[in-house]
């Protein structure tokens, strides 16, 4: 990098107030999509998380693994089942899903370890962390897909307190100790609420939320939670963004101050959003809480 | 059970001195073999470990998963490779091994959870716990099979202190953060030494150590460590028992007081060995340490 | 004992849920009657209490000493005084009572010590634990017999926290620091409430509570506290059981979950009631609290 | 008291350096003799100890009870036995001794409580504090008279840490958990060593140590431990002072800095010795340790 | 001092209940006036504070420095400005004031250190302790004279907990981090409230509060806070005593139990007021709180 | 700043390993010279220190104030005295020096506070931190100029632990509690050794150490401590650099790992030296220690 020393100093000094503001605050990062497949991007995400940790944040990674699960389902020669276009997680599929998610989990542990930070990979069954019930899709049984009822944050808090970085895969257990697959966005959201995270960031494959999905210039940079709710209620939001945005709103209503929807395809998107004055992606925030931080 | 109340009381009272002796002591249980495959036996082993925990011991489970790995290697249609009769753990095999060991790990977590005890399943990569180097077999490269160099017990101690039950699968990492498969007996032994365990128990598929392998009446009930060493040196020990016995001896020389080789095919073998006056299986002990406990 | 190994294991496994349920819970044992005179029974009570402690309960013994006091009053050639059939505790009697209770107290300390558990014998004057006022019987002055006003549990909590087993004799002090004798049942009850005990067990010389005292087959095994109150109110209860049952009810209304009236003449009655599915004696319980433990 | 305000201030200021010097230091007070019988003196001793506690010392009282034991032995009509002029502590005598010592113990607890300080009365059996073996007198069996082998100071430290004032009566237990009577001077000395007391003070019925017992003007005010040892070795010391002085010397050789032999018949002797420039009685000191305090 | 030993003992015993009552309680001492100029008096004040600390109080000194500031303003040849007879603290004056107050502060640190107690001198800027806004006098700008808005007691509590003696000079900062001079009485009062002091003592140059300022025999020894408020409201109080008394009242209304107005010209006035039955000066007290201490 | 997002990310990522390496390590910064006079530079130094604190270092500032002292000596109309060309610190000069140093101290506290970090300004008298003896210059009495004998780091450690930033001015006390002025370089060095600092940085008015002072191209970027010692011994070092370099060497020999001589005239010199791969100024290091950090 051919920057002048003064330029370098300026970047570091620009980060100063952000570092100060979030000192010892918990940040939950939902890690998924392209950023999880491209090896270069993956490395940069892990570097970003490491930096967050080193400057005093307490990051938690919650990850999915959809594409890798599909790959392995195929590898063992299983036929996918669908109901209403939804994949059915029957028992053999669940077995594979759990194996694959744990594999992904431990490979992330390894990447964080490589940077000299001790990670610990756990699922929602460890420490009886995530309890759920079976979820139906339009009344249809779609197998071992669960909805979280309760989060026991004790294990996470222990790990954070002892300076480990928790990496969590979205498996939960029900009343009968059966394992269920959980949507990773939902898991990240439930965990953020339970640990009273300051921030929740979703790494996605879109640039953020558009006021008008057709108009690429209408990307929303910041939105108060009330505005976001109106937007959701208006019905103009399309596709996968709707549940994600509702998740963001719920998280804020439950005590998270700021939720970020970031484009995981941009290298170091996490760092840029958090440490520079002009972030990237869309941030939804609790106007009251935010004031406290940004003007208090 | 049609026992008289007084008989029940007598059993509980018989356990009194053993409970007292091992209060807050760490016990490492190497769990493998038949006891891991037969569902009824599995349930009983878990009950035994739960009881140990509840009466004040600090149990740690270290498990293998050899047969299940073989099953999955077949399932994905891979051809096993052998060198000098030893299975070669190439990269795809290692990937499967890690997935399967983590699957087994989380299924044990679930069984312990069912008894109301919070388990946490980890591998040697979590918290950078087990560091290793590549192992060669008679100079031959047999792939990702490692030998432990260093155990960082911090994560285990944290979990024990906070009353979680650690369940560990024998994966380690090397200097380049590559994952390796570790022999579960070796892992249990290294961990027992690092956490200064009081006891180390191996659940096996044999009744114990025989003075004369041909003579089923020659089962050794107790042996001082010096005697065990002579026995190993004499060369009269056959097959798989040799490295296991050497492992036991090393553990004792590194501070473990008593090592038990138990027949995992006997239901509740762990309970019977620990809580009753006439144990089962073979116990190797450090005569000096032992004296302190049994006669002091 | 000629039990099979499997039978022994079964007894231990049967105890598992009870051990788990009461882990780190405080149990107050009112120790008196025959179980205190017969040396064999005494030894078994102490073993039971030791086992409770070792498996993770926090037992507290509160004891009386009526018969021994009488013996010593005679020994020094004093004439007992009575008013309305009640013994009058005048100053010399009180002096003897305090000496004898402390003697009994220290002999129990010794018995517990013999089992390798550190006991500490205290009276209600130590640490200003039990404060009382003078009690009159039907308007008559019966001397230094007191009624507890206030329990300062600090010393008990310190001893429990540091793993000592507290043994308490029922002496209290009043506003002028005068010593008083306290009914041991009342003392046990007041202490159980003050330390928020989970259980309170009375070792008595009866089999339990009978629905019809004449009919030995009418022993009540379990009773909800409301039912017990109705029973007391009905006036059908005779003799010494009335105040004891009212004590039990008060204890439950003040936060103790379960109170047991046990037949101290049965060896290991404490163990059998607590660790086996089919207890002995009569248990009074708070139905709501109980549910939480037995079905939650 | 008709002192001028300035005179009062002067007394308080005179105490300043002594208070500072012994802040949070442990002081063991052997309480016996006249100061224990005269009610006025007793009250003043307790006031002194209370003041020591309030200004930051950590006092421990160790008491005897010889005269009261004799009174009770007579009261129950027992005949004293003697061997070589020494009273034999047979079983019934021991039983009475233990009762009486505990009675005295609890009455001291009460006196301290009256001043608003929480005392806890314990014997050497509590918390397995004092272990002993049987002592013979010139080869003669004199009954349950013991010599301390081992002091477990855990209970004392707990009580001190939680701001209770420990009051200890000299009963110990042997290998078979039999109770023994211990000489109170010996007990005080052993305890002072075990808890690493800064000071040990004996309240006696003499004015101190005389250089020449016949010459009342030869009272020694201060003596280095070496000088005291020479004095003992010279054989010129008479009667009961010899073992007491040897006890003092042993205490100093085991880490106590200063031992005081005070005349318990002088009101507030403890206060005057400790808080005024010109003490009373005889002080034996470790010259090296002393220097550190008085000139450093 | 030619006092008899018994007289000395009597003084110490007289102090006993006061020492006990204020054990570990915080006492704020506003130090100013003659007691700060006369070197002999200064030494005695420091001795008193040291004694308070050693017997278990937690003293905090808040001091002024008016006369020394005037001296230095003259020394550098500055002309004092006055508005309505009030000195104006312009920027150069503020610079000198801060320098001088810090000088005084460190000289007090030194005097306390000399008695073997570790003092730490701080201003209201350290640890962002005292925040203020500019104060106007009858609408007139009198420069950098502030009124305290907020006290952050964290630093004080840290120092007290670690056994340092805090010495505080009355400088505060405003929203723009500008330094302001604060009236030392006001600062002492605000700090006493923030740290929940038990006592607040003002060392002044008057004997106390007079019922009739003209009549030197009308000195008030004790006053309930309600009575003091009536006195203030009656308008009969003259001069500098009015704001001081109002300060005392405010302190009591905010949780301080007792406020003392002492004549700093009397040597050891602090000691005499606190440790003897018949104090000196005027004490204002919260009748309810006081009862708790003096009769409970 | 017109940098691209990726450029900004690159700077932050470049800092990652340095942040990690010095996490929770103590860094002592000797602050003096031009960087203390130019208001713009001053602001940047404080920003740098704040950033160090926020990313997990534990910085301590030690400052001088020579020029400001001279200014005030003049202001009060004092004549400077010199002996052998050295300024003599007589009593009035010392009084001014202490006032001025405390003024500078509190103004630095204020600047750090403005960035939202709680600073605490102390001198070596606070908490009895710096003890010294009088120093003579070539046998000549030059007044109250001291040499540090002993550092009591307790207060510094308390402040660091509670997250305050200590700012220290170089005043010490001697056996008679007299105040002395200390060379700020010496004070920084003594403190760095006492608190076992990882780094010690001198902000100076030179670019660093030159191999040949005449040749501006001969600036030494890094030097092992042995080489530095040889350089000093060679006698080729001129002027003020000699004692500074010797100080650096002593610090390293006493446990500091790396000492930096930085050009305080370069804005953000501290940040650039610590967080970028190509530092500025001269670093002296302990080759063994360094290895551990930079290659381990």
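Letters A, B, C, D, E and F name the chains as they come in the text, with residue numbers starting at 1 for each one.
In the analysis below, a residue touches a chain if its C-beta (ideal position, glycine included) is under 8 Å from a C-beta of that chain, and two chains touch if they have at least 3 such contacts.
Just so it is clear, the structure is predicted and the values come from calculations on it, not from any experiment.
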item: Chain-contact steps, minimal, separating chain E from chain A; value: 2
item: Fewest hops from chain A to chain D - one hop per pair of touching chains; value: 3
item: Chain centre separation in whole Å, for chain F relative to chain E (CA means); value: 37
item: Distance between the centres, which are taken as Cα means, of chain D and chain B, whole angstrom; value: 56
item: Sites on chain E at which at least two other chains make contact; value: none
item: Category of the chain touch graph - line, ring, star, complete, other; value: ring
item: In the complex with chain C, residue positions of chain D that touch it; value: 75-77, 95, 98-100, 102-103, 105-106, 109-110, 113-114, 118-123, 125-128, 154-155, 158-159, 162, 164, 171, 173, 177, 179
item: Touching residues on chain C, where the partner in the complex is chain B; value: 1, 3, 5-16, 19-20, 23, 47, 50-51, 54-56, 115-117, 266-268, 271-272, 275-276, 280
